[in-house]
Structure formats: structure tokens, C-alpha cells
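Following this message is one structure expressed as C-alpha cells.
For reference, chains read A, B and C in written order, and residue numbers begin at 1 within each chain.
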Amino acid sequence: MTCAVDIRTVTKTYGTFTALHGVSLSIRDNEFFTLLGPSGCGKTTLLRMMAGFEDVTKGEILLFGQNIASLEPNHRPVNTVFQQYALFPHMSVIDNVGFGLKMKGWSKEKRRTRAGEMLEMVHLTDFADRLPAQLSGGQQQRVALARALAPQPKVLLLDEPLSALDLKLRQAMRMELKQLQEDTGITFIFVTHDQEEALTMSNRIAVMSAGHIQQIGSPQDIYESPLNRFVADFIGDTNLLQVEVAAISGDQAQVILPGGQRVACSTATTEKGTHHLSIRPERVTLVPIGSGLQAVVEQVIYLGTDLQVLVRLDGGTAMQVRIQNAARTEVPSPGTRVGLQLEEGAARLLAD
Amino acid sequence: MAGATPDSASAETTYRSARVPLLLPTWLVIGVFLILPVALMAVYSFLTKEMRGGVIWEFSLAAYDQFFINRGLFGDEPPTLEWTYLTVFGRSILQAAIATVLCLLIGFPTAWFIATRPPETRGVWLFLITVPYWVNLLIRTVSLRFLIRENGPLNDALLGAGVISQPLALINTDFAVQLGLFYSYLPFMVLPIYAAVERYNFAWSEAAADLYASRWVTLREIVLPIVKPGIIAGCLLVFIPSLGAFLAPNLLGGAKNFMIGSLIEEQFKKSLGNWPFGAAVSMILMSLVLILLMLYARSAARQETR
Amino acid sequence: MALRSVRHYPGFFGIALMCLTVLYAPLIVVMVYSFNDSPSITNWGGVSLRWYFDVFTGPEAPRFKAAAWNSLSIAFLAATIATCIATAAALAMLRAGKFKGRSLTFAMINLPLMVPEIVIAVATLIFFTMIGFTTGYLTILVAHITFCIPFAYLPIAARLQGIDGSYEAAARDLYATRAQSFFLVLLPLMAPGVVSGYLLAFIISLDDFIITNFVKGAGMETLPTAIFGSVKQGIKPNIMAISTLMLAVSFLFVTLSYLINRRGR
């Protein structure tokens, strides 16, 4: 598979502050790749460096093998969908969409044709002559998309384009974007802080925090096999327990919980010693006391689709368990002693 | 802001019942000492000039006639268009226009530069730009004259550096007047443009660059159209005072650079003057300014509704 | 090679520097030459304060002293009166809700800024002549008050606009009369704007030439008109000394105004 974008030990400093610490990653052609992390983690900085709006302090950025770190943004065959769309307020929608083509020297007819095609693709043909101010947020977002795709870039950069939309619209746009990427075959590099977005849309995700890449992998890899506490906690909900490693062999391990109970799990590390164990709350079943981990129910929280059961293990550790709120569910009352049965893949020993 | 809370909303009308006594001084002062005089000036322009310099209270279009129509030396030839004063107006308009263009060419980059400084330094730059404005216009014009005259420091420096072999005759030229006007009103161009650039969203420039536009193309296609209201405001704030300027043409220009301000001033020198004529020229100048302002107001209103 | 941000345009920094140079060069040159020991303005004769002494004690000193007294006293009176009128106007415009004639009043307040100065000068002269009022100190003062009003009004209104109405509401709630709430609550809050407006009006009055020149009549001089008359006969070194003094006063006032505004924020 061709490598579309190759980031090689890229560091970015602003004076004394380091935004990116020698990060490396490799994005494949025709991939929907997401940079995921909380605000301040450096994901937007990295994206802007690919676009050409930030200088590379150290390292290289290769686009299909060519180092573009010193190229001005208007010389890179890469286009961006901006977080607040940045549609030119004084130009009509169709002029906005055709702008990149105008800059490349396309004739007026060719521009109009292509811009028209793009608008059709995003279902905004009727809005061609309107001004951006006359459009809703969702419509502006689609114009920004059409504008960035019109010049047929090799790579499309998307800087949290859905964050300004409301929930229902966001969910609909996720599917549209995913479909668009598959249809056009362009490499999409998507930045977001919303892990649900990342999981639903991406082929692969790079989880970032404080200028470092924590883990790169497919949504399944990231969720099922997190490497460390940050990734385990950032994606989905989890219980983090401090444990002592009893035995490790291959990718399985045996750990000792505070209080002495033992758990078998998959592992991200080969070291012994003290580590954290991640247990996914939805992969725990409540069984009658006697089997599984011994605990006492402290509180039951009603969430509509689920019930969140807060328990305390014998040994003192608090945990949360998620059970589906189906018609036949027995709701355990606070104070009851229960057993916690861990399903396959519920527990994972983390590297830190 | 108004009506943010019920409390502040009621504070917005605290002095409502006192508004007449509060505004009376303003109404009186401006009504009696500005509006009334202007009205009287309008009346004056339709009076007859008396031999010895006063006026006779007799309606006459003589002043306007003198301005627009040429009836020959003794007033008995067939009427043709009088070019003398129209030329003065034309020259003033040209000088003011050139000064405005000068201010724009220098003021725009300066305003852009200041607006793109980090917030801490921005204030300092603004302060530096506006300080000369607070110096008396007369003194600024005199300083400029002192600087550029034939045996002045500028020529001394240029001669000394070997850039020129003979002193430049800058005083009493059109250029000196344009320079003087530029010097007088530059901050009026910089400040509105600065305000407009401050509100400009640089994401637009990034988007343009992302879409293959070079810096200068971005300036032409994106920046200028968006910043245009500030530019127009700046141009008006320079052009209008320049039209009626007196000091720059008087101190820096010679007889050849006679402008509207000098024409008007001349009419009010004691017994030599022609007050109705002076009033008429002032009326014509004021009408020109008001037309420009109305055009501006209308185009600004059209921008709002777009 | 470092990438330049979209804010960067080559040459703009140079033009900005040039702009500042052009703005300050004539002033700096005058300041420097005001310390010139030589009576000729073309040759440099060493540093000396003789021209400053000449301004205060030389042959023209009485004339300049009279002119300075006129300028300063008129500026003081005009600024004071204009500031009071402008403050009252600001109260009415911003704290009296919408009323009939509000936009008209706003236009009136801004009128002196929109009519060319020379037109105001002519109109004022004609007015005083018509009513038979002898031109002199009072005519200058009245004219100055008139055109100082908008200059005082601008900072005062700007400041008042930004003051939340809840302070006055609180005062009224605690049984203060309007006058009490104004003097004890609102005015102190408005103070930076009022002082700014005062300084602005003062400088505008002190610096005015065209209108003053028209309405002053014979025998009266203010500093600007005295300087102008002197310059018409040729620039002498003592003119540069006076200019530098006025320059210093202007600079002082502007800095004061700037600092007061910053502290008040």
C-alpha cells in the first residue's frame, strides 16, 4: 500500500513550549485516518503542519515520498476543510467552490462545470448563487467540503469540521463523510476530540496526548487492545485498577487485585511489577455471589438504555458495571453482595 | 447591551425625564453657534457686495455668477463658463485625491502591519502612529516646511550623502502640498483600516493559500474586498479635510498651488475681500462635502442590507 | 527555509517603518534645531537653550506671552464648558432611552466634525459680524466651545456606553436621588472618559488655527496665530523653541489621556 503522508520524528516548539515531541506516523493512500485526542494534544498543530500553516521545527513531512515541509501552503496538493469553514463571505457559494480552480488557472466554463458537480455531490445545487451568510451551519460545512474537494487534492485535511454542528446533523454528516471518502478514494486525515466520531468513521486512529502519539491502530485495536491508561480511558468508559502482576506468558497475564482476588487478562506489556488493569464496564455480568469477583452493590444509576451499577470489590476497589436495561433485567439493590463475571476481552493489563 | 437585566434596563432610562434640560446646552450652543451661522452664511452668499467691503442687504446672485460665469472684464461680454474658480476646485480635488492615494499606499501596509502584531506590541505601535497627530497641525506643517526647504536639513543630508548634487526645490511645488496633506491626515487613513483588519479573520487567508492562491492574489481577491469599508472610510477621512485645507497649500505651496481654502481665506481679508463671494465658495465646498458624505452613507447602508 | 504566516507581506514592515520615520522626522528635526546655538537656521552652532530664553525674555516675548495666556485660558475655559455640556448630552443620549429627536441630536453633536473647518470659520465670522458682536476673546471662546463639544463627547460616551446600568440601579434601590446616584456612583465610574474628553477638548482648542484666525479680529493672538504670523515672515529659531514647547505639551496630554484610559479599564 502506498504511503500517502509520512511524518518522520516531527517536533514543534513555540519558544519554550513543545507542542509535538518527535512524532512519527505513516498514513496510507485511500485511508480514512483520524488524529484523536483532547484539546491541546497537538493534533491540530500536526494537521496545520501538513497543510503548511505551521513551520516544522525538526523532522520531515513526506507527501507521496516528497518532502513538503518547506513548501508554501499554496504549493502543496493538499486541501483543508477548516473548523469554522472559512468560506469567503463576499463570494457566492459557487465562486467559493470554484476558487481553487480559478487559482489553478481553469477556464470559467470548466470551473463552473466542476463546481456544479461538487455542489451536486453535497446536495447544494440550489444554493449556488447564495452568499455563505445565508446558509445554515450544516450547509456551510458542505460548501467547505465541496470547495476543498474541487481541485482534486491527493490528501484532504479536515480540522474538526463537525464540532460546530448539533448532534443529529453531526451523526448524519459522519456517514456522508465516510461514504465520500470511499467514493472518491482520496486520503482523508481527520482531526477530532470526539472518540465516537473517530470510532465510527476511521480506518485507523492515532490517539494523541500532550504532544505524543499514544497509540495507532484500527478502531477495534484501540478499543479492544489499548496500550496504556490514557488510551483505555479516553476511548469509551473503563475501570482502571492498580494491580500486581503475578505471571505473564505471551499476550496473556495473571494479575492480583488489591484485596487478593485474581484475574486473567490480555496484556499490553511484558514487564512484571505494578501496572493498571482496564476492565470494560459493559463486559461484566452480574452473577449470584459465590462465583467471579466478589463485590457489594453500592448504587444503581438509571440511564435509560443502560443501568450503571457502582460496586465495591472485596478489597476496597470501586468499579462500575454496565448492564442493559432490558425487560427481564433484575435490578440489584444497594447492599446486595454480587459476583462479577468478566467476559472474554473485558480485562486488559496496560503498559503503565 | 440594552435590557440585559431588568435592573440595567431601567437604568437605561433613568434620566429620561431630564433629557430636555440635559440637552438644552447642546442644542443651544450648536444651534446658535454652528447651525445658525451656516444658515446665515448661506444667506450671505445671496447678498450684494458693497464697495468698501461690507454687504448690502439686497438679494443678488452676483457671488455665484462670479464663480461660474465669465462676462468679460467689464461684465458686458456674452456669458461663458468661468474657468478660474472651477480650476481652483479642480486642482483642490486633484491634490486631495493624490494625497488620499499617497495615504492609502503608505497607510494600508502600515495598518496591516500593526494589526498583525501580537496584542502587546500593537498598542505601542498605535500610540506611536497617533502621537504626531496630537501635535498642532500648524506646527507639523511648519516643521515639514523647515525640513524640506532648499537649505533645510533634508537637502543638507541628501547633499552630504552624495545622493544629489544640487538641492531639490521641493517647497512651493504640488508635491510639497501633497506631502503636507499626506502628513496632516495619515492617521485618519491608518486607523479605520487598522480597525477593519483587526476584525478580519485570517482563516480566510489560510483558506485562500490552501486553495493555491499566492500572497498577493489573496490580497487582491480576498483581503481587499473584505476590508473595503475600512479603506473607504479612511479615504473619505483624508479626502474631505484635504479639500478644504488651508495650512498645507498656504505654507508649503506657492501661488501656483492655490486651493479652495486659500481662495476662501482671501475673501475675508478686510477691505480687499468679497464676503458674499467667500460665502458662496464655502457653500459650494460644503455642498460638495455633503454630497460625498451622503453617497458614502447610502453605500454603507446598502452594505448592511446585503 | 521557514514558512511565513499568512499575516506576513514582504515590504509592509519596511513601509510601516518609513511611515513612522516620515511622521516623526520633521518634529525631531525641529526639536533638535530648537537647541541650535546659531541664529541662522541653516547652520548648526552647538547646543544651547538661548532660544528658549528668547521665547520667554526676548523682544517678542511679550507678544508670545500674551498669546500663550490667551491660548491656555481659552483652552481651559472651552474644555471645561464643553466637557460639562458633553457629559450632560451623553447622559441624555445613553441614559434616557429612545426619544423623539435623539438621532437629530446625535447628528447635531457630530456636525462640527463633518463640516469643513474653513466653512465653520467663515460661517462663524459672518454670524458675529451680522449680530454686531466685536470679534475678540469672547468670539474665540464661543467658537471653541462649539467645536470642542464633539471631541469631548466621544470618549465620554464611549466610556458611559460600557458602564453596566446595574450600578445606578443599585444606588437608586438604596434610596439615592438621581443627582446623588450621578455624583456618587456614575460620575466616578465615568471619570476616565470625562478626563479623556477634557484633555482632548483642551488640546483641540489649544491647537486650533483656522477658526481662531478668522474670528479673532485685530489685536488678538493665540499661540497658533502668533506662530503663523511669525512664520510668514520667515522661520526663526525661536519659533522652533515654541514649537518644541507646544509639542511637549501635546505629548504630555496624549500620554496622560492614554494612561488614564488604560488604568480606568
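Please note the rule applied: contacts are C-beta pairs under 8 Å (C-beta built on N, C-alpha and C of every residue); 3 or more make two chains touch, one makes a residue touch a chain.
Just so we're clear, the structure is a prediction, and the values are computed from it rather than from any experiment.
Novice: Which category does the touching pattern between chains fall into here: line, ring, star, complete, or other?
Specialist: Contact map by chain: complete.
Novice: Count the touching C-beta pairs: is A-C or B-C ahead?
Specialist: Counting C-beta pairs in contact for A-C and B-C gives the edge to B-C.
Novice: What is the distance in Å between the mean C-alpha positions of chain A and chain B?
Specialist: That gives a centre separation of 58 Å.
Novice: Roughly how far is chain A from chain C, going centre to centre by Cα mean, in whole Å?
Specialist: 60
Novice: Just how far, in Å, is the C-alpha centre of chain C from the one of chain B?
Specialist: 18
Novice: Going through chain C residue by residue, note those that touch at least 2 other chains and give them in order.
Specialist: 6
Novice: On chain B, where are the residues touching two or more other chains?
Specialist: 206, 208-209
Novice: Indicate the residues of chain A shared as contacts by at least two other chains.
Specialist: Chain A, residues with two or more chain partners: 52-53, 72-73.
Novice: Show me the residue ranges of chain B that touch chain C in the complex, using the header's touch definition.
Specialist: 1, 4-5, 7-16, 18-19, 22-23, 25-27, 29-31, 33-38, 40-41, 44, 106-107, 109-110, 112-114, 116, 125, 127-132, 134-140, 142-147, 151-153, 156, 183, 186, 190, 202, 205-206, 208-209, 215, 218-219, 240-241, 243-244, 246-247, 251, 260-261, 264-265, 268, 275, 278-279, 282, 285-286, 289, 293
Novice: Which residues of chain A touch chain C in their complex?
Specialist: 52-55, 70, 72-73
Novice: Chain B touches which residues of chain A in the complex?
Specialist: By the definition above, chain A touches chain B via 51-53, 72-75, 78-80, 82, 84, 86-90, 99-100, 103-104, 131, 147-148, 151.
Novice: Given the complex with chain B, which residues does chain C contribute to the contact?
Specialist: 6-9, 11-13, 15-16, 18-20, 22-27, 29-30, 33, 41-42, 84-86, 88-89, 91-92, 94-97, 99, 105, 108-109, 111-112, 114-120, 122-127, 130, 142-143, 145-147, 149, 161, 164-170, 172, 178, 181, 203, 206-207, 209-210, 214, 224, 227-228, 231, 235, 239-240, 243, 246-247, 250-251, 253-254, 258
Novice: Applying the document's contact rule, which stretches of chain C touch chain A when the two form their complex?
Specialist: Residues 1-6 of chain C touch chain A in their complex.
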